[in-house]
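In the part that follows, the structures are each spelled out as structure tokens.
Shared between the two complexes below is subunit A, which has subunit B as its partner in the first and subunit C in the second.
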Partner chain A sequence: MASLKGKPPLIGWLEERLAFDAIQSFVAHKRVPKHSATMWYYFGGITLFLFGIQVATGILLLLYYRPSAAEAYESVQFIVTRVEFGWLIRSIHSWSGNLMILAAFIHMFSVVFLRSYRRPREITWLSGVGLLGLALGFGFSGYLLPWNTISYFATKVGTDMAAAVPLIGPTLARFLRGGDDVGGATLTRFFGFHVAVLPALTTGLLLVHLFLVQSFGISSPPRVEEQNRASGGPAPEMPFFPNFFLRELMAWYAALAVLGMLAAIFPWELGEKADPFAPAPAGIRPEWYFLAPFYTLKLIPSHVWMFEGELLGLLGFGLLAAWWVTLPFWANDRSGGERTRLLTGTAVVLIAYLATFSALGYWK
Partner chain B sequence: MRTAALFLLFLAPLAAAGNSCLECHAALEGRLQKPALAFKIDIHSTRGFGCTDCHGGDAASGDPAVSMSRARGYKGKIARTAVPDLCARCHSDSNLIHKFKPQQRVDQLAQYRTSVHGKRLAAGDAAVANCVDCHGVHDIREVRHALSPVHPLRLPETCARCHADAGRMSKYKIEHTQFDEYRQSVHWTALAKRGDLSAPSCASCHGNHGATPPQVNSVAAVCGTCHVLFEELYKKSPHQPVFTAMGAAGCIVCHGKHKIEKPAVKMLSGDGSVCAQCHEADSAGGRAAAEIANRIKELDAALGRSEEILERARQSGMEVSEAQLQLMDGRENMIKARLAVHAFQTAAVAKPVQAGLVVAGKTYAAGVAALKERTFRRFGLSISLAAILATMAGLWLAIRSIENHRGPRSGTGGS
Partner chain C sequence: MPQTRRGLASWLLGGGVTASIAAFLYPVLRFMAPPLIAEATVNEVSAGKVQEFKVNAAKIVKFGSTPALLVRLGDNEWRSFSGVCTHLNCTVQYQESSRQIWCACHNGFYDLNGKVVSGPPPRPLEEFTVRVRGDEVVLSRRG
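Right after this comes the complex of A and B.
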């Protein structure tokens, strides 16, 4: 235990009860690998930082938001027009949600390219993919909450896709909608998912993810490990605190600058209030991170041989997701050698597919 | 033709069981074949009526000598003067017609007899329009069918087949330019370009079966069937007794007949304005017209300024939907002001103009406030960005300082 001598009595009292010295010791001894790809490590932290902003701004929005079909749109309109800096809070919440998902995708692909999922980090990978899934759930449920035309019809399309899932589809769609169609019950339900269910699940999984990251430390790419082995010397590292921490802080500030610019120069539009009896307007599309599967399903014919096209599409996405999630378990062959070509090829094809189909879904 | 003749001679007697009219005529060529082919889509055919219901004869017999014999009631081609009475045998019979359409009117013949067409036909002029000229002969469709010649979207062309024919109209000494003029009118734009089926076409003003040109004294009433409030104001206006005394036909004096253009402020004042046709510019009427025009221009300009600034604010990402909604009240006042013109009194126009100007003032202020807020936000963003960049620079210097003093340590990397 560190000496309490010479410290203010309150600090000393707290140190004795909160085991500051253990934390100090942990931080002082924590090391982070230093190499040319170190910058990719920051995206996990940026994702966490943006999640923190989501939580903070979400709580502020909760002070005024009213989750009912009759009041949701008007309450958001009140927030952005009447509440002091309400427009900024709402705009930051919307933009940081999107940037968080973007940062999470970058983080995920950097983990693949740097081979950071390798033994013993398989569960870290699984928890990370789970967190990305939860982030997409936040996006899907939050999109409906302003109850505007675009979000209403996009949710209809989204829940229709869920209805096409074999066996459980109709039940799943009914569970999501709280009825046969998207309506006030859906809004209340999505609000519940958005502010209670998903945050609880995310908090739990995030703690697991962070615990595992701390337990196993940050991985170095295989080529860096080989270089280190070849040189025979100690691997280049930097102290987590203050060196890496300050760099990470810079990355957070950069993210904050981008977020501030987007929120102030392109405030998130409110659109028109949803009218369930109006025909769906042209150009209905989901958020950008759902555009690729959305556009793919649009391209698939309604019937392929004896199967429904939508069903085949969903089956394909399911298999692709399973293939991707289980990546750490097939990344190595039986002799322990890495399937480098298969891994890199899968990741590159997936990035190309997501980029191309998202662009096509946006522009077409 | 040879094939048809052979068919009639040898095969037609065998076609006794079905509708021999259709079977034989379908095998013919040219004008004799045409009715049989067209009748397949005719509404009468789809409702179970056949050739013999109009033409008489016996469709059960495959022998033309029998089926088309006078003994079996065969009438042959129906004379044009006999068409209305023939159609009315069913269409004026409410017991029969209401079996098919319970709300269908059955007074078409009575109306037709009051029309100019009906009167001339009764006088022996077979060239005037009768039922089949508008509805078709063997390919009659329901009025609401898009291909029916009397569907609202096609009616003007149907009337124009005769009324735009200079040769045919010269006999009756009536104009033949109505269709061309109508196609330059706001009513045509609404009907044909916007697809508004409620927009007026020929029958809306002239009637359909009882087609008659509106008389001078009834023009305002005809226009007033749609433009109700305009008619009410006109009737109370100082122009009504004057126009009546002059024998001028109300609305037409200013707006014209078939070529009714979009009303504009230029109709009120300036050279070539409709008011200037009667009122000298420095007369009381001319001055009142100019004042009304100026008030409307003032409101239009004020609302235009508000629209422009609000749109600019919206495109900058500002939430101005409430003000834009409020601006609709201003546009509503503009409509009221344009309506009030038909009272032909400056005070009547000034009231909605004033109300509209108040709305325009408030919404313009909202637009100014939104743009001011946008500037404030961008200023705030600049300050925040400067602070963020300064902090980042400070962090970078701190990192440099730490690493220059201590240098990055080396040790075993995590794997």
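Right after this comes the complex of A and C.
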């Protein structure tokens, strides 16, 4: 036990019993490629860090939140007005959720532009896209929980979109709502999804994702691989610990600073309590990450030729999602050559579409 | 104090991390402490109409946020006590057969003056004043 020499007895005792040697040797061999785009590697870690904040603040909110139509709004009101730092914890939970989804999007697009989805990382990509889907599910289910007017009507619209899915739509909508319409049963159900079902699925998929990232290591972009081959020397890289780890830690601190600033300067609004018998007020819209499809559906006419506009929109979103999810399988042609134009074009058009339509959805 | 630049850097880093952790933990600990909800002290409540109460029977009524026991002993004879046992906060009940107040949790008995007859209760029950105003029975805190 050479590693125990010269260390405080307690540390030595713990090292021996917690198998620190195995962890140390694993971490000591881990390397991260070093090149001009290394900064994009931090966004996966930032997403994970913000997820950790979501878990911690979510557990804290559970101490006071009551998931029923009669009490949900009042309990959130109690948290933000009566509980010490309640406004801050709730605001951090809301802002962190949004920043987490933003970080996940940045992480996803950086994976595309750095070509990190390539063989043998196809399943890593699929698990990542799955995690983004779950994050959107967290956002959708969590939005309803304060039971305010905007979230109530946004959920009505969202679950109504699900109802338009061919064949399974009505069953799916009923399953989501826990009945024929959005009500107390929906709130209880969404609470269950938000605090039990989605966390369980996310934990499983996250473990798969992280295991695959550890197994295959961090990918270098093709141009960096070519440069390294041309130079003939060893590929520039840095040790994961402590070099990359400390840099990642600084990125987390930066994310935390942005989060703290947003939560403190722009506390998340609670709005008015939902009233199922009141007309929908003007300005109903979903969270920003659902704005692009929301605005697209607004633009599609009620009927296009013989199809319903809503159905056509959903079909379009479905095809687009399928195209994007299967990206690693069409990004290369049969000879192994990269379809660079198609790939970069798809990513750029998608970013432009999401940015433009989200902005239009927000401002118009 | 550190003597070298590396020592100073470690000291600053360690101090910064410790301060950060303290800054994160403080709001969390404060958040977890349930807020004190100031409730208005209730000194008087209406227990109901006289005709709702039978002789040699009792009823638990709400006195602020705690239960009170109201016993009708005769046409014009009433007794009322705090319904909270002085032992471990269970709610007491009136036993018509023994004409005593009984706490079922640990078999504590009080007489109709609120005094402990037997069992583990350490103190007598707080007694309330009962007045009949018109046909309404009103309980009020003494003193």
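To be clear about the criterion, the second predicted complex is superposed on the first by the 349 of 364 C-alpha atoms of A that agree within 3 Å, B and C clash if a C-alpha of one lies under 4 Å from a C-alpha of the other, contacts with A are read in each partner's own complex, and residues count from 1 in each chain.
One rule holds for everything that comes next: contacts are C-beta pairs under 8 Å (C-beta built on N, C-alpha and C of every residue); 3 or more make two chains touch, one makes a residue touch a chain.
Here the structure is a predicted model, which means the values were calculated and not measured.
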(message) Contact-wise, after the overlay, does A:87 reach subunit B, subunit C, both or neither (first, second, both, neither)?
(response) first
(message) Quick check on the superposed pair: does A:234 touch subunit B, subunit C, both, or neither? Answer first, second, both or neither.
(response) first
(request) Determine, for the superposed model, which of the two partners subunit B and subunit C contacts more residues of subunit A. (result) B
(message) Contacts for A:63 in the overlay, against subunit B (first) and subunit C (second): which applies, first, second, both or neither?
(response) second
(message) So in the superposed three-chain picture, is A:285 touching just subunit B, just subunit C, both, or none of them (first/second/both/neither)?
(response) neither
(request) Answer with first, second, both or neither: which of subunit B and subunit C does A:266 touch in the superposed model? (result) first
(message) Need the overlap of the two footprints on subunit A, from subunit B and from subunit C, as residue ranges.
(response) 88, 253
(request) Would you pull the subunit B residues touching subunit A in the complex into a rising list? (result) 317-319, 321-322, 377-378, 380-381, 384-385, 388-389, 391-392, 395-396, 398-399, 402-403, 408-415
(request) Report the residues of subunit A in contact with subunit B in the complex, numbered from low to high. (result) 31, 33-34, 77, 80-81, 87-88, 216-220, 224-225, 228, 233-239, 242-243, 246-247, 249-250, 253-254, 256-257, 260-261, 264-267, 269-270, 272
(request) Report the residues of subunit A in contact with subunit C in the complex, numbered from low to high. (result) 56, 60, 63, 82-86, 88-89, 253
(request) Would you pull the subunit C residues touching subunit A in the complex into a rising list? (result) 20, 27-28, 30-35, 37
